[in-house]
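Next come two complexes, and both contain chain A; in the first it sits with chain B, in the second with chain C.
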Partner chain A sequence: MAASTGSAGRAWNRSHAFALGLAPALVVLAAITLGPAIYLVVTSLTPLNLVDPKSALDFSHPLGNYRDALTDSRFLNSVWVQAKLSVATVVLQLAAGLAVALLLNAHSRVLEAIRTAFLIPMVLPPIVVAVIWKVIYTPDVSPLHRALAAIGLPLGSLITNAGTAIWAIVVAETWEWFPFTMLMTLAALQMIPNDPLEAAAIDGANRWQLFRYIVLPYVRPTLVVCGLFRLIDSIKAFPLIYVLTNGGPGTATEVTNYYGFVQAFNFSYWGYGSAIATMMVAGVFLLSLLVGRLDRGVGNRD
Partner chain B sequence: MTSHAAALAQPPRAQPRVSPRSIRRILLLGAAVTLLLLVLFPFVWMLQMSLRPNDDIMGYNLRFVPTLENYRALWTGNFPKSFANSVAASLTSTVLSLAIGVPAAYALSRWRFRARRAVAMWILATRMAPPIAFTIPFFLAYRYLHLLDTVTGLAIIYLTFNLALVIWMMQSFFDSVPRELEEAAWIDGCTIWGAFRRIALPLAAPGVAATGVLCFILSWNDFFFALILTRTQAMTAPVAIVNFMQYEGWEWGKIAAAGSLVMLPVIVFTFFVRSYLVRGLLAGGLKE
Partner chain C sequence: MEKPVDRKAEASVEDAVQQCGDDVVSPARRRFLASGAAAGGTTLVSGFPFIARARAADKPLSGTTLNVSCWSAPYPKYLADYIPEFEQATGAKVNYETPSFPIYNQRIDVELSTKGTAYDVLNITFIYAGRWIGAGWFEPLDGYMNDPKKTPADWIPNDFLGGTTASMKDKNGRLYGIPWIADVIMSGAARADLIHKAGKRMPETFDEVGTVMKAVHNQDGIPGFIIDNHYGWTWIPWLQGFGGNVFRDPPGDLMPTLDTPEAIAAADFFANLLTSYGPNGVISYTYDQVVAALKQGRANWSPNNETFLVQMGAADSKVASTCDFALFPAGPKGRFPAVSTHAWGIPVGSKNKDAAWEFIKWAMSKEMVGRMVREKGYTSITRRSLIEQADFKQKLMINGRDVAKIYLDTVELGASGYMKYRTVPVYPQVDKEIDIAIQNVASKQMSAKEAMQKAQANAVTQLRRSGIKL
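Up next, the complex of A and B:
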């Protein structure tokens, strides 16, 4: 294939060169994502565990782990805890993010600096967020508990109480992630044209009406995408739970991700852990499809 | 709440005396600052704890003499080693994913082929998968490959999120570089990758830098993979912090100091890439 034998040869050479550039990445990606994905699904069909390593190739009851999961009350509980945590944190993040964005949406140097400072919780390493809230939630060292005691309202530890532990995590998770919605909403607010706002103001619309009928419709697609992104990410929640409650008290804060971790790495039931992980991947995949569809919907409106 | 509506309706101009609008502006700024202080209070509290003398670690009197004794205690223990492990694993993974991912992103940007969309979807999907799904197979495979508790093993598993991020972000950077210059170079006899190296890559250099920083932050922030795949030799700084809590008793000063040290590089780097943050975030979330 001589390089200079006409345009067909050149085009072929070009494709060849591009393919060479793309190939290493695709090979590595396949090795580190497709390979493990297949391995995960295969393992989920076996009873593989530490005690019986030979069980890696035991496919006599391929769906045994999945059947077990459906009757495992601890697993079902973890799905319920996950649902509570995800819905509560996403709703609170959207509300807080939108409110702060509306407050900060004006042209000013000072506000710009404040906007940047509000991003701090989101960019902190998750383990640092966990340490920060461990301090706040540990009565011995907590400024919050001390202040409440000083005004005569002593408060028991929130993270060792089965009724409040999940809400303590919801607060910390919301704190960590509301800046995401704030950032995205601020970007959307800057795109709102002035004309409809002015026209409505001239027609005597009050501030609530301006928000409800003009601002909200403009930012709604952004909020929906934010909510779905955060919903998917909330399924990965780990460091906060690991450090604050360790899934406890009992199983009060044991989300599905955490339960899979416990089964696979505390009890070494890798087969069962893989089945839980496979179901999580399927769930996340369905949510992603939804994001893709909505994302396109948002794009079409522009 | 929608004060911007009024603010935008008229161009700002100098006010002769205190008007209702400037009063509202001051109130707004006051509210914003108050809210910021409230929100950042837990963060600031950890910082001040790290600077407090150990015998007064639980004190709440803010008039204390700051000391570095907690940081000094960290320096003499095992923490510097885990900090170095974090740097090594994050840097290795960043360099590897840039080396493999940048040419791939360029090919995806310039080369029209049939499976292009499918490849893009696959890359995005890897960003969405929960880490536990990667961890079990990697853990089982690493037991045989003797990669458990090694920095190399960590750097490889960090590729699962870094490589996708590099391809995703760099493709859009290359898309915004005009292709006419490269096409002219091709006609002049330059090879595809020669034109890439001499023209497209230098033009996209700021994008490469920003992407590299994001990769570093993502790897640096990892806790889950390092918790499972390391024990003692390759333990990273975030795991070391948890060990302070679980095994070494509750030395709050040390814990706060370690937390402050771990977040320092992230805060500094974020400042440099904040304008690219949204793009990176939308590629599937900044943290795992």
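Up next, the complex of A and C:
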């Protein structure tokens, strides 16, 4: 009895020691993540306008900003633009990442060097990527436009045409981030055992069948996780849009976070901007939950 | 170019001489000592503590750090070259930054709203003047200007053009900013030779703009028209020329009037200039791209800021010998060239207000602005006495055209009050809606009528969100 009491006491002490040890880290984490998030939500319940600081304490219509958002055509358009941009960039990044990973999945010094070169866009500061593409998309200085004009195929500006502006951003975003999928997929490809591939080859499977029935099932979980990570990240797309199009022409490339930025930083409507940000956080949170569940699902199957 | 004076060295030696009790130092000896100190002043001062003490006493701002910010434009860039002189003369340390226009405005809007202490001297941006001054975020400057101890009479406070100081005053007439620029819109042609070759003159009216553009577009492979994509600034003179306005009766009645027949006609006319005569991708052009295109002769005619256009006459311009200038053309209802100003002010949160005033006083002194004109070629000045000087007029005589006269005439036109739309606190919101509307028309996403009706609806929504009763 005494022994069991002693053992329980030690367990209690140990768990308290862990809790005490964790406490400083948890406090810091709460201060730098939860604190601002709570402030964001609280602000979203006010009509805070920087010109009128007292509005920070006006909670008379706590859901007013959210109601406004549901009838704000620019906000609704921004969500639609965001959805188009996210789906297109994720699909293209997965396709390009997988294709390049398949091409580079061999042991050779040359391929290793190429692999490293492909990683460059991902490690460049986003604003540098944006400036590179600004040059490419500006007709009077663009090597792309000049080359096409030289062979008799003059091209109209891609970023000022409402039909192509969003695709111009999709291409730039894909160029920047497909190396992430490439890297992850390459790691997955290198984990595939040789036995099933050799057995299938002996049974007469062609290259497509090897890919379809053996390689793809092996890398699918990685692709799913990559896709979801990129989907979450695509919602944060900002530098490319800010530098290349400013959300234009008109509102053709105005995504939700850019619209929230305009409301908060150009118009000083911090309450409304916070409501937009809160809705985005909620969306990203739901996507994160989805990532977690899929990740667990993949782990269970393994 | 005038060589900067090493005031630090001069002051140190003079102080040292006085500390030694030598009251009868001849001017020649002083000069000799000064030049000696210029060579070895640092060693001398660090070796003799009494000299350092004396220098500190002579430099009223020793130990003071001034944080100064302004958006990136020619004047603040030129000023950066002279700031070491201010530091040497006063002992102050100046942290100086010039971010781009939108970054500056966003950063400072937030900073001012907190009444923070981060900055001591800030630019008061024209479109934010109503908001920033109205909210009480800047210090009135009358007390500094009217105090002879703080501002000597020869600084000439009333020398600044009335058209430039009007927007920097509150309703009680108190002044909050010393204007460093009169940004006026006029018209400039990079290749006026092509216009003359076509048998035309610099367009004087909107109708003539149409005929001149038809005549010169793509001559020598050069687009006829170019303008930067800040349409909330560059389109308004066209709107007003057609008889429209941004608000019904600013600043009292701020109901937007963007969907009137005049506004729709102006949007249609302007978008046609962009799409028919502009370069490929013209709606993505920022002002620096426009200046580069004009100076390199890659576009011809532009109704734009004087600051930008006169750069066509600079030595590094390929069109220096072919450029020409004129007043902004008149529309059916008159001539309304945009006039704006930006000014140095002191944020209320500054802990160094007196030192900040010293900086502004120095930066906007007749001597300093005059040096910028002579040494840097700066021409968008606000001091009447300098504008009327013969050498300034001579400097702005470009290919036989008196640009100084165009400049002054435009500033005087602006003083009539049609720019009131721009300094109301909610203009930034409407400014953005106008940008979007013109882009929608020029990119053929909407007709002028649809785009302007949408802009009107969105502007009303934005203004109501700010709490304005419409």
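Here, the second predicted complex is superposed on the first by the 276 of 302 C-alpha atoms of A that agree within 3 Å, B and C clash if a C-alpha of one lies under 4 Å from a C-alpha of the other, contacts with A are read in each partner's own complex, and residues count from 1 in each chain.
Quick note on the criterion: contacts are C-beta pairs under 8 Å (C-beta built on N, C-alpha and C of every residue); 3 or more make two chains touch, one makes a residue touch a chain.
Since the model is a prediction, treat every value here as computed from it, not as a measurement.
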| item | value |
| --- | --- |
| First, second, both or neither for A:D140, with chain B first and chain C second | both |
| Touched partner set for A:F265, first chain B, second chain C, both or neither | both |
| Which of chain B and chain C A:D68 touches, first, second, both or neither | second |
| First, second, both or neither for A:I114, with chain B first and chain C second | first |
| Touched partner set for A:N161, first chain B, second chain C, both or neither | second |
| Contacts of A:V51 with chain B and chain C, given as first, second, both or neither | second |
| Comparing the two partners chain B and chain C, which touches a greater set of residues in chain A | B |
| Chain B and chain C footprints on chain A, overlapping residues | 140, 265 |
| Parts of chain B lying in touch with chain A, wherever the complex brings them together | 1-9, 12, 25, 28-29, 31-33, 35-36, 39-43, 45-46, 49, 57-58, 60, 100-101, 103-104, 106-108, 110-111, 113, 119, 122-126, 128-141, 156-157, 159-160, 163-164, 167, 186, 191-193, 196, 217, 220-221, 223-224, 227-228, 238, 241-242, 245, 252, 255-256, 259, 262-263, 266-267, 270, 274, 277-278, 281-282, 284-288 |
| Residue ranges of chain A touching chain C (in the complex, touch as defined) | 47, 49-53, 55, 68, 72-74, 137-140, 145, 154, 156-157, 159-162, 245, 248-252, 262, 265-269, 272 |
| Interfacial residue positions of chain A with respect to chain B in the complex | 14-15, 17-19, 21-22, 24-26, 28-29, 32-33, 35-37, 39-40, 43, 99-100, 102-108, 110-111, 114, 116-128, 131-136, 140-141, 143, 146, 175, 180, 183-184, 187, 189, 194, 197-198, 201, 207, 210-211, 215, 229, 232-233, 235-236, 238-239, 242-243, 257, 260-261, 264-265, 270, 273-274, 276-278, 280-281, 284-285, 287-288 |
| Residues of chain C that touch chain A when the two form their complex | 102, 105-106, 109-110, 113, 131, 134-135, 279-284, 289, 293, 298, 425, 428-429, 432, 435-437, 439-440, 442-446, 451, 458, 461-462, 465-467 |
